[in-house]
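Labels run A, B, C, D and E following the written order; every chain starts at residue 1.
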């Protein structure tokens, strides 16, 4: 049983290498290996359903053992990783066909999957960090395959990732200096015995690394660029899975290494939540609201979705940081849901880009008639994302709100709500500008995406319904996970939550069945009425003016310009500009610094003299500067 | 039966062959170029023979003239030396294979002589147990390096060579002064003996000689204010020489400093201010590298940075720190040598040293680009490559004690790693993802130039996925070094 | 079982009756305010019938058809989650928070339907409506939270029950009630918040391309909408009612006030509407919330 | 003592020449001065006042009165090395002169940071 | 039985339809001047269920108020074709009937009748509100009795109308 974890982890890596080598023979060999091994990993995951396998030692280093483990919490994330990766590979086959360096692409894709799987399976900090870095640079190579602009975006991504990872590195090294063992259990034991200052340092440094990956404001600036510039099939992987690794890390940090009680002891608790968690909650809430507002004002479809990801990951972090059973369950469930619907939306827009070649929303429109399947996918995606019943986003958002209400964190709740309402705005903008409205003349021959690209859309659409109506399916694992973390597991039913879990009970099945019955009734009424005839899109009201195909009679540029007038004052300052200013300052400073290498022999010789003097002097005063 | 596990052979064989080249050149003509390969092949054999001995006993000592150590020049190979000798010989061997194709310019035989002498000098410097011998080895290394840097005899090479020469000879003089001062104080030149005798001295009495030796070796070892020759000299030299200079020569000089500081002066826990040198070297090297357009110059600056990194790790003064330093030395030697060799091949094909001209290399010279990438990853310390483990160790060693200083050190080290990652990623972007402006006919480098790089990359990969033996070995080496008695006692009382 | 079926049929009819009667009253009262005679009392019913019986209907696509259908279905769904006198209905399945989201389904789907009509007027109307929604959502959420904090439950029925006997939230939380009133106003889309429809600017916005049976369904939906907003306000702030007559009376009082405002005020520009909502109502609502929290 | 001061003075003058002087030949002279100073230092360390050469075969000379032989050996080595270094440097100067047509170090600055 | 219900349904629907006439006034000339008093408090058109509406999709009556020239005719036809059956057209004022004082202009259409079917004309330059209300009453009677069948005529004689339109519009 222990060995099987190693097998699971090795699957994507082996698949990647085989796909790479197979690609040299024939492209279908490559595809077969890629699909086969990603599917294999996904299937292997189910052998670990609801099990806790600990401590498969796979190596030793510096006196610490390297351990793999799996528990229900990591299972959820491993499930997301393998599932979405599989779909991404399916989607890739048609989408990136004909590009250069495809063997390398699939290699990287499977390596990213393997690295993320490694993160979820890691049982000690060295393994965790190793796979974390591996994930960063392998995904970097995926991102920069998206064209010219993506290189800058990828550069930003890798720099920020590396900064985050190094921050985490310092935290890990601090622990290693004390514990000399980095197995999760020892780490939590050490932290429970350490001084508050040490724990806070650890928390902050480790947290920064996770926040960068989870794109919590103000460390989010890499995300909009990277997600929008990456190749279409990579964006779902980034948005759906990669940023979830941050959420997983936070869960492990908050409740694996530390615990609510322990964090509570670090600072006086006048608040409903321990201070550190409370700060995290506020950061999450701020990213919810600001990212939502930014998403509303975007013109680029993928950029819009990228900002939406920042906002939605805000909910995840908010839920996880809450510390209550319901909140954590909500956060984890939202992580799962977000992986489903955001990947779905990115797949859809990927298909649209594949067919039309643009992602500028003001150039698109009216694709519903040409790409109905994509439209249905987008519809499910936006309904799920906006948190409207009966799809899955509703349940998790509801849980987070109820948890906030339970803890009386009202201001956070207000922000979460506003973010959610704002989501209607940008999501409507997304679906309208792409699928509704006027079909531009140049896209009148656009076809639906090929079957392999439809498949992920169908599967994920179905999942939004499944998890929306039967949230108990997910709660089953999440409750196990909470038990594993030592938190009271959440009470749930298959269709919702009984009285006492939240402020009030919830039965999703009732809402959806009433909705469906009402729909059937109204549809019956509608069908009894005189039949309608279909008219062309140009037969539309234009105050008597005749609309011709040459006329662009569509509203899609500057969709919420009037709203922009209201909120623009907030965005005078941006974190991105600040970072760029820092980078520039560092660069200028560095440029001055390197002028010591003047290239003049006499300068260099004088350095020697100066140095001897200094060394002699320092030795004279005892050789001790400190 | 002659026991070939004798460290003296390490010096003797290549010296002999170096003179053989000079002698045989008129007859062998082109065939001369195979002599260094044979020489270092033999050396490699010797080193492999030495390995089990050193692993068993911790140290192997050889003496000359049959007199016991304090009075005779002796050669001692302990774990640390073995570590470096192995790398030096390996690099010497591989690079001399590389030279078979790479060196076309005349006078080739002089190049081969100098090259052989260079590697010999480095090996000598590492294995010697005698301070004055170290000076001589230092000079052998330096002079051959001066010659090799100026080998192209063009504008840049001459200027760089001249700068290097002036700096180097000042350094040599300083080193000699230091050595002589020690001799005046103790009356012996044997390292172990000096170490024994110098124990009676007060801290301040030891100062001046140490300052001179440190500065002298520091010039060759590329410590911060003394390293200004390096970014000129390394790029000016032929790529194969650059890989030796960057890969092992600075490391050997740093080895000298380590040996002097720890074994002779026993200063390693006292003079923590050496950390400053490490950090400054790191900072200036990496920052300057970030701005370079010329790839060899960038790599040269990166060498300065790496040297700073492992010197910093060494000057932490703990066993773990030294372990990290040794690992990083190894990583740097292998990776940087690979980089220079690969870049040499690329420049050979592209005909330019400007990074921007490398656009599209990733497609046309797949193997070279791949080797470059692996070596660069290892140098940057990306997992799962070997550099990751060494960097991990360095950071762990720094944070054994958590205080404001160590945190600040770690921040600097990591920030500089970030800059390093930034410029290497930039190069790789250009190589792999930028389209070439004009379609030039670029062919893969000749096989003989790739084989050494491939070998090195294979070694890196093996170490990456199976680092445990090396890590343990480095730990033992560090422990031996810090527990000075092993060295001193076995040299003085041994045999 | 029979009772359940009766309720299931009766509640929508009742809601429609209530809603359509308000529509009737509205036109009559408005006429009287303008010193006109006004239309026949059953004019809205006539209009609806006429629209539904139009002999020709056009469609721009499936989503265009589904828009009004789903909007109406969603409104009918919402009705079952708002308690009416003596009946809990399905409030146990979805609490106040869920209700807020169920209420959105209709508008969202309607927006999609209108979007497919490829008419920029519709799109602008929807953009405005959504923006306005974001505007009034902020104070409304604060008000809802205030109520939840006050009564320690999110169950609408329980909130209603706790207000029986004259302990109306309107008296206990006057600030929140005022804000709730203004917000309901915006949700109804009457002057000065009729930015989404704005017939003179953007040709009735989302409805620009809708005619015939689709518009008929939307008129029915409008009746439901009025009922939903008013019933929610009455349930939240006026303690529901003990019987249907009181329920109707309370809704009627509120509605008459709306109509008065509606008739005398001009229209906001949409960003001004948002600014308005984010200024005074929000401040008042926050004050109300803080008062509840502090007590 | 005077030898030591002299030796260090020579080294200092050499360094001065390298740092201040702009002519390549003068820099070479500076280098030579440093080497000479070092050699002087080494020899003076082994020097015993009134001592003789350390040749045992002549007999009847006290070991105490002998000059230490090791520094002399060192000096010889150092002189050889110094000479070769200087020769190499001179070669470089020639090459530089061929390329630049001048010996002024201010004009030989193609390599910069 | 079926026929009976059909008849009754038609009767009822006509009865209700005439009570709910939503109009779209196409203000081509000065005739519209008299509409505001008709709509507002003094004459209160809403008494009869007549309300001005905005888009052709929603409206039942197309009010062509004033002269029609070639350019506006195109718009009128578009609007008319966008309206949903049953729909009615009212020629409002002398100009709509025969060009009025612009009868000899090069660009004015003299007979609206030839291009779209007009159900009711109302004479006057311009018609007073009383006249307008009388006209509406007349239209209601026509609808009630099923005689306001302009939209049917348009479909039956589609080719005729199209030909006429084509002649003018080219």
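One rule holds in what follows: a contact is a pair of C-beta atoms (placed from the backbone, for glycine too) under 8 Å apart; a residue touches a chain by one contact, two chains touch by 3 or more.
Only a predicted model underlies this, so the values are computations on that prediction, with no experimental measurement involved.
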Quiz item: Which chains make contact with chain A and with chain C at once?
Solution: E
Practice problem: Determine the set of chains touching chain B that also touch chain E. | Solution: A
Self-check item: Distance-maximising chain from chain C - centres being C-alpha averages
Solution: D
Quiz item: Just by CA atoms, which chain is the most central one?
Solution: A
Self-check item: Leader among chain pairs (count of C-beta contacts)
Solution: A-C
Practice problem: Could you work out which chain's C-alpha centre is the most distant one from the centre of chain E? | Solution: D
Exercise. Starting from the mean Cα coordinates of chain B and chain C, work out the distance between those two points in Å.
Key: 79
Quiz item: So what's the Cα centroid distance for chain A and chain B, whole Å?
Solution: 44
Quiz item: Where the CA atoms of chain D average out and where those of chain E average out, how many Å apart are those spots?
Solution: 117
Quiz item: Could you state the distance in Å from the CA-based centre of chain A to that of chain E?
Solution: 59
Exercise. Would you mind listing the residues of chain C that make contact with two or more other chains?
Key: 53-58, 203, 208-209, 212
Self-check item: Sequence positions of chain E contacting 2 or more other chains
Solution: 55-57
Self-check item: Where chain B touches two or more other chains, by residue
Solution: 162-163, 166, 170, 231-232, 288
Quiz prompt | In contact (per the touch rule at the top): chain pairs | solution = A-B, A-C, A-D, A-E, B-D, C-E
Quiz item: How about chain B: which of its residues touch chain A in the complex?
Solution: 162-163, 166-167, 170-171, 174, 203-204, 207-208, 210-212, 214-215, 218-219, 225-226, 228-229, 231-232, 267, 270-273, 276, 283-284, 287-288, 290-291, 363, 377, 382-384, 388-389, 392-393, 395-396, 398-402, 405, 407, 410-411, 414-415, 417-419, 421-422, 425-426, 429, 432-434, 467-468, 471
Quiz item: For chain A, which residues count as touching chain E in their complex?
Solution: 539, 541, 543-546
Quiz prompt | Touching residues on chain D, where the partner in the complex is chain B | solution = 11, 15, 18, 24, 27, 31, 34-35, 37-38, 41-42, 45, 70-71, 74, 77-78, 81-82, 84-85, 88-89, 91-93, 95-96, 99-100, 108-111, 113
Quiz item: How about chain A: which of its residues touch chain C in the complex?
Solution: 366, 368-369, 375, 379, 383, 386-389, 394, 397-398, 401-402, 405, 408, 410, 413-414, 417-418, 421-422, 424-425, 428-429, 431-432, 436-439, 496, 499, 502-507, 510-511, 514-515, 518-519, 521-523, 525-526, 529-535, 537, 539-543, 553-556, 559-560, 562-563, 565-566
Quiz item: Touching chain B in the complex: which residues of chain A?
Solution: 59-62, 100-101, 126, 129-131, 133-134, 137, 140, 144-145, 151, 154-155, 158-159, 162-163, 166, 169-170, 173-174, 176-178, 198, 201, 587, 590-591, 593-594, 596-599, 601, 603-605, 607-608, 610-612, 615-616, 618-620, 622-626
